[in-house]
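Written below as structure tokens is the structure these notes are about.
For clarity, chains are labelled A, B and C in written order, and residue numbers in each chain start from 1.
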């Protein structure tokens, strides 16, 4: 395997930049570490002292209250000091470079950067810079790039599947929707393969599939009813608002008719199939409310597990565990 | 009494949505609980561990730094973890419904929502949804609706009156100003009646009085000098900037002349009458600076008591008390 | 010496409004207090309980994420509760005066205001008001006025010089750049004189020098090569973007040619001279990247010392020390 800036010399997690290229042992380690953190959240006092006195910087170059909040919750439950920086309107607009900003925060004794940036290169650039300047004690977590993908989303999806289905090696998983514009989808496919899922299906209209989809080791379906038949796990993708009109799609009603998950289509999957969605949902576009709020949906547990997974990543990065 | 979503089966506070309909015992319980919290604020270390490890979400659908800060102070002095969410520009703009946002935050183990929304229905809707989904351990506090009213304001007013005047049952209280556009006024009238105040007066120009004012059990005065004669408590209302010109009022100078509280008018009240104002004040419009900064004003103590009252509400809701 | 609102009757720091007029003993006391705080930042748990339960308000009337963050870090490392208030869009826009806002926050038991305002008068006004109303237990720190100067910047500069050079009384220090628009420069000159630096030089084009510069007890140079000869310390000033074009300067390229610090010009200073910059840097305008990232630059240590100095100021103001 090529140089992986995410792992240190001992093969342990140094940064979390992407789920791609993470070996099975590291993925499993993260999921195992997350498990006890799900219990913390149900205690009377939802706090552990693992990151006490550590400084976590939410470095958001684009606004995302939802994502920022999940990381802020995870960090505060680990007793870290959290600093929220919305940078679009600040230093960089004064002509300071991204790396000067990072250098300054390092000089303020940052321990971790949670980075959200319109360009997926930004977290890598920061990680590279930290390595080049010998600051191995500072860690980077990618909280999403311009396409609203982020590896902790992929990890919480894997946690959710393992929680409900146990053994990955016997599952058929279908990913449904706008694969073309979703890095989550690509990350999920990699993670599912790495964890041993034997059959991954992709269900989407031709206009929302990348050309190289056939090289990804997935079965491609353009008919949702065919694709859902007999699956254990359905992972819905969010349809970005900006895709809903224009050249790629006729209309959101039309999309719902063919690719929206309804109870009638869900009935084609295994009876105990679970339904996942990364949120926020477009009810009536990619998913029907009856399914979103139904007994097979595990969409809210995904959110709960997401906090635990982020706590796991943060504690692993700083060498602390519960 | 009809179903009151604010009280649980034992008649204890479940949510704080409005001061209206709260029984005297509950009102008194809140005021009693607040008393020791006023002393916390004067300690060297202004913190109590009552909400340690609890997650309080300031869910602000409209911006109000002032109000948000009072709740943030109260929550942090109780050692809660506080998360500030300005939602106008976030998830809901991605097409997520209010209740999906709430569901997500519940899945992140929220313990309390402090809700500010342009529509007064929002906190009720959230409370209903929590009840319908069996999440009785999560509490809602209304931090103000579109007319900038909020029940903790009413409660701190009652605390202030009790602090300075003791027995409610011997008082004459005058509410002065824009009753028409003020939900605070309505809440105050209800609370004053519930707590046993025998005479509540309303002083306002006809254009700033609701048509149903006569049904509220108050004495109406259009002449401020008449209305203030012999009162124990003067509760000034804030004149919203947007009312100052236009059809309802001739001008702010004119308003001040007839309904602005000056020392000369204040002299008509009892010598030991107290002057209250919810802030922020329009000096020279509804109140003269000499009165606002004078010896009978208790406007700053109101702010201090407001922190204690919010601490009391939060600790009662979560079942902790000092 | 005239009345100094920054010092109490015992000559101790009551507020930090400006570095000008602070006696040598007070400056030295701050620097001495900061020293142990630089070590806190390298501990596993970067926290001290000195301000536990204290309420620090970042009162920012103009936005500055960078500056706000440095004070937030300092306060949180001292275990204070920190409240960030961006006021431009809040209470004052509702017609409340600055002092009413301050009175309200005092009533919420504020212990310290960190004030950033476009007008340098604002922190003084607040300090005066606190004195006039007998609230000596509440402290004000000036976090910068409209020209982006702030005394903690001057103090961290002095800390940095002392750290690297020890004895102030043998140094030649050059301040380079836009002295005209920089209050930092004026503060630095005062502090350097107070601390006993025998030779302070100012290097700038004539258009960027104040007319009264000759009264400041400095040696003025318009030729950078002459001015840098034999100096121990080079303090670069930031060239504000808005100065780069227009009547005062021909162009940023031209400025760099004559007043940008390059390795070739740096070679004229003493071999062990240090290079300082308050950040954010305009690389290629006032400083060359090779110098900014070179072995003589102490620009990032300045940032680190800045946190320690702010911790020192906050702990001295509240009467706590490490």
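Quick note on the criterion: a residue touches a chain if its C-beta (ideal position, glycine included) is under 8 Å from a C-beta of that chain, and two chains touch if they have at least 3 such contacts.
These numbers were taken from a predicted model, which means no experiment stands behind them.
Rounded to a multiple of 5, the C-alpha superposition of chain A onto chain C involves a rotation of 120 degrees. At the interface between chain A and chain B, under half of the residue numbers appear on both sides, which makes the contact a different-residue one.
With centres set at the average Cα position, the gap from chain A to chain B is 41 Å.
Multi-chain contact residues of chain B (touching two or more other chains): none found. On the side of chain B, the complex with chain C involves touching residues 41-47, 63-66, 69-70, 72-73, 76-77, 241, 279-283, 300-304, 306-307. The part of chain C that touches chain B in the complex is made up of residues 52-55, 81, 83, 85-87, 89-91, 94-97, 100-101, 103-109.
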